[in-house]
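Order of writing sets the labels: A, B, C and D. Residues in every chain begin at 1.
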Amino acid sequence: MAILMTEGLTKNFGGLRAVDSLTLGIEEGKLTSVIGPNGAGKTTLFNLITGMIRPDAGRALFHGEDITHLPIHQIVRRGISRSFQILNLFNELTLFENVWLGVQAQQGHGRELLSPADALGSVEAETHRIIKEFGLAGKEEVPVKLLSYGDRRILEITISLTAKPSLLLLDEPTSGLVSEDRKRISEFLKKLSTRLTLLVVEHAMDVVLSISDHIVVMHQGRLLAQGTSEEIRANPRVQEAYLGGQYRLA
Amino acid sequence: MEKKGSTRISRRTFVKGAAAGVALLGSGAPPVIRRALAADPIYIGVVSPASGNYADHGMMERLGMQMAAEEFKDKGVLGRPVKLVVEDDETDPQVAARKARRLVEVEKIKYLIGGVSSSVAVSVGEVAQRYGALYIASNQNSDTLTAQYARRCVFMVPPDMAMALRTQAPYLLEKVGKRWYFFTHDYEWGWSGTKWARIILQKAGGTDLGESKIPLNTRDFSAFLLKARAAKPDALVITVGGVDLAALMEQMHEFGTYKETTLVMTLINLEDLWAVGPGKMEGIYWMEWYHEIEAPGVKEFVARYKKRWPGAPIPVPTANTLNGYIGVRELLRAVDRAGKDDVTAVIKALEGHTVRDSLKHDPIFIREWDHKFVWASYVVRSKKPDQMKDRADFAEVVRWAPGKDTVRTREENPVNLGPYPGQ
Amino acid sequence: MTEFLSFLMNGVVLGLIFAVVALGFTLILGVMQVINFTHGILFALGAYFAFSMQKHVGFWLALILAPLLVGVVGWLLERLVIHRTYGGNPLFGLLLTFGLAMALEEVIRMVWGKAGYSVAAPRFAAGSLDLGFMIYSKYRLLLAALAILIILLVWLFLEKTPYGAIIKAGASDAEMVMALGKNLPRMRTFVFAIGSVLAGVAGVIAAPIWSVRPTIGTAILMPAFVIVVLGGIGSFWGSVLAGLIVGVSTSVSVMFWAQISDIIPYVIMTAVLLFRPRGLMGEKSVLEV
Amino acid sequence: MGRGNAWRKRLANPMWAVFLMFALFPYIPYIGRYISLGTEVVIWSLFALGFNILLGYTGLPSFGHGAFFGIGAYAAGIYFLRVSKGLWGPLFMSALIAGIAAALIGFLVAKKRGIYFALITIAVSQVFYFIAFRWDDLTGGETGLSGIDRMDLGIPGLLRIDLSPPLTYYYFVLAIFILCTLLIWRIVHSPFGRVLQAMRENELRASYLGYHTAAYKWAAFVVSGLFSGLAGGLYTLLINSAFAFVLDWTQSGNVVMMTLLGGGTVNFFGPVLGAAIFIVSRDLLSAYWESWMLLYGLIFVVVILFIPSGILGLIGGRKQTVLR
């Protein structure tokens, strides 16, 4: 069953059609990857789904509910979370504080004006638990800007998860990583995919092909093809149009 | 914000004037030191604009105050020297109140003077009343300072707008016509100008053609001028002051309004005329005082002014100068009469006192029940540039009325000043 | 009706001056992302320079020279201090220019004195003209013509010259300008100078009707704010349109309820913001992110 | 996060030093005599602390905050003169009405940030300036309101304190300041306060964590407006009058400058230090030199160019850790 449906989703930037009447269904519990050359509209698609920008036409349905015009935080509360290609963290804050803020949002204490923040035991415990779970323990007090890039990548995903989403959108989670870290992330994603639905934009084909249950290929804002790794690998249109001979699908 | 305009000051005279201002700014040295120097002087705190829109008016009144203080240089008061401590009120009532508080609270000064704009006068009056100091409002013309804001500790030197219109309006009815249109600066002082004019016009059976209320800080009057022109009045009766007045005069000249109607200023200061320059303003004005009047002592006073302030921005004393002079002089004389340096005693010495050497055609009577200085004021007609014998000779006096005939009576203005300080 | 026409026309003339001031302001705001509080002072400087020059060189030459001189002042301000705030906290540029404006206003007081001066209109434009349906000030007609000319020149510059294209690109994307291989710092200085010239020229032409005094700069600044917010940041025609709206609404409201004439623009602005948060012609701008 | 030394930490808080210094102010030789200046410093400190909830903690450059101070000032004055002569009534109204105004303006600006936020707050706050000047029946127009007395502070049957002497009013204001400071301290260190700081660091990320950022900004705006308004009310009682000049936009500039000068972006007490330096130096400068505005403007320039994190930032030399 599709957890997320887009129907004729369209977005123009000036004269450019970034996403062009895209109709798509994302299967619950699967890991779906979106691939396509630069400018294919992948990030725009993410921005449309998560309410950062509004489509010119079409709509997005989450669990059958129209979420097209909901504000970001409403979409997050309904269970869609995302990470960003360009790291989007609270850079001046420590790792602990980053996660803490996410946990607090999820537990809904933000409206408390007069209680001391330090006294929120459940938030603190959950924060420690999550940090440990994702292998970041020991670095709690390090300001995020001083963390290694790999750790920050992990953190980017970690704090997206504090919202306890049922659908997580990951925008190039391995972008800028060396192969060792990349492996670490792939493992991580595989583990995650057992718990929730993932939608991943990824350039690293090795990662895509090894982890995806389902692959969506976009080209110039349109849906070019979709299917399993094998089907995509075998698809001549994808080979020709998308890769243009530059890449080979290994 | 009474009647202020701006003054053309050449760079050279400005520098000299500024130097004069520095001489007055006595607050530089901490009072502890100052007190060590002289045997317990009588201090007078001057709260007067040295910056902001009315800096030029403030300077002119301070020159007069200084002249009065210097008269007591040799003999002193109660055997004590006299010192003026000057603070800049920036033409902002909040700042004025702060400076006044500083003077009475830190420097323990008992006597305050100054206040070119009504809001400053009200706020300084408030401070004086609360701290039990004596405040002489030297240069604000609003009616309210001796009415709703009347206080036991506050005295008002200049004539108010009721006196202005009762002096001027009969002349207009007689010589100009009975169809009037009003420009009213949209605040206390402006309203009172138009209010008194209307009362007199109505009594005379004239025609009220309407009124334009002009917001403060209006830069462009063209729309108002268009409206006034459409009414075709005999007289355009203007109660507009502050920085706006200069712009208004400029634009009346631009639109040629003076050719179509008689321009009437219910109050104008020489500073305003000086700023706009000769030939720009034709009309009939009310002035508190004019340096060419033939009253006893005026010639000597003008000569003394010219000698004392050769580099002053305006070469002749203005009404502001006179009021500043009279304010300080009468205050010091009252201290002398009281025989002691005590606010209540000095208030009592001022109340009901008559001043013969007023430099106007009638003596000053200081009314005990509203603390108003009652004295004459003047109606003048502008001179054409070729009739002027020098650049300050803007006008000829066409009528004057004694203060007692124009001032509000007790029935018209029933006020209660409350108890004396400390009682 | 005739009366209404004359108020309308008067408002248009006022609006045109406002528009020229606001154009310079929004240009600097759009490209540099600096709320330039010195804009009012540059306006005042234009008026003062013209006042001092006219005695020697006459109206027309002063009309050219004074704004250029203001442009030089703007250029110096930008080169010496303001450029250091680019890209930082937007508050820094704002406070820096706020302080500069304060200091420069005092400098004006020190140089030209605390009081105001009246500035004569050129002799050929003094007095009023009978237009048949109304009598109107000749100088204001001249002023309207000059303002329209200036607005057109700015428009031509932005639309028809390559430099204009870069400025427009620079307003939306600094990186793009870099990518075009242009010298961004130099372009910014140039734009700042252009903005200053616009402030200066507005000051020059407005001086004869408003007369000059140190506070004149502060007085013109607030209408500029309102116009830019009302028209939409960075929008050329938005500024012109909003300038006219402010001018006309101020003037026409005098006919009906004069006391509120200076509140009217703010009321319009607030109402517009409720329904169009980016102003009349504003688009989603980089400034918001 | 250890709570073992919580008490020691609490006692080491610079807050107590600040309170103590203010408490001793009237006994400082010479300057201590100038009590109403001291009162003014305390009032502006409260204003700046309230303002800093927005600037320092939420990262919103409001440039129209003088409006709330002014609205509070008028609310207190009008309530006193028109409705009921009391001490707490006017003060309560000053906070309440300013809070309501902030709530209304908040709707217009809650979705904005950065320079656009600054621009709109400036322009909108002007509306109140004009209202104060024009609505003479209510505000007294240019002449303002006067005759606003300080009523006795009293607990019926127990004690009465006459607040009209400057010294007792100083301590009254100080007591309110201390209460408000504790409250503001509490707020910025609450879960809510942390969300504000998160938005300052990265608003987009905050909304992707599920925070309704516009609502939080709005709330911060209102809270900040409440304290600013209360400061305005205290000011009205200090000068026994209210004038439209308090609504002038230069006042808004002043509070931003105070906050920044002291180091409000890096330290909770930056605004207090900034207010003290700003007010005292203005008072001294303007007494000694006619052209003090020149120097004053240049101080702005120097601070922005060379010590943008303020005096405490300069001394502390580090950026504030935002949480904790």
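Here is the rule we go by: a residue touches a chain if its C-beta (ideal position, glycine included) is under 8 Å from a C-beta of that chain, and two chains touch if they have at least 3 such contacts.
Remember, it's a predicted structure, so these values are computed and weren't measured experimentally.
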Using the touch definition up top, find the fewest steps from chain A to chain D. 1
Everything stays put except that chain D is ignored; which chain groups still touch one another? A | B, C
Taking mean CA positions as centres, which chain lies farthest from chain A? B
Using only alpha carbons, which chain's centroid is the nearest to the whole structure's centroid? D
Looking at chain pairs B-D and B-C, which one is connected by more C-beta pairs in contact? B-C
Averaging over Cα atoms per chain, report the distance between chain A and chain B in Å. 74
Could you work out how far the Cα centre of chain A sits from that of chain C, in whole Å? 47
Find the geometric centre of each of chain B and chain C from their Cα atoms only, then give the gap between the two centres in Å, rounded to an integer. 37
Listing for chain C: what residues touch at least two other chains? 109, 259, 262
Multi-partner residues in chain A (2 or more other chains touched) are none
Overlap residues in chain B, where contacts from two or more other chains coincide: 51, 186, 215
If two chains touch, include that pair; go through all of them. A-D, B-C, B-D, C-D
Which chain D residues qualify as touching chain B in the complex? 30, 33-37, 40, 133-134, 136, 141-144, 146-147, 164, 166, 239-241, 243, 245-246, 283, 286-288, 290, 293
Under the definition above, what is the set of chain B residues touching chain C in their complex? 5-11, 14, 51, 53, 55-56, 186, 212-215, 217-220, 222-224, 226-227, 229-230, 243, 246-247, 250-251, 254-256, 275-277, 280, 313
Of all residues in chain C, which touch chain B in the complex? 3, 6-7, 10-11, 13-14, 109, 111, 113-118, 121, 126-128, 134-135, 137, 139-140, 208-211, 213, 215-216, 219, 250-252, 254-255, 258-259, 261-262
Provide the residue numbers of chain B that touch chain D in the complex, in ascending order. 1, 18, 21, 25, 27-28, 30, 32, 50-51, 87-88, 90, 92-95, 97-98, 101-102, 105-106, 118-119, 122-123, 126-127, 130, 142, 144, 149, 186-188, 215-216
Residue numbers of chain C touching chain D in their complex, please. 29, 33-35, 81, 84-85, 88-92, 94-96, 98-107, 109-110, 222, 225-226, 228-229, 233, 259-260, 262-263, 266-267, 269-270, 273-274, 277, 285, 287-289
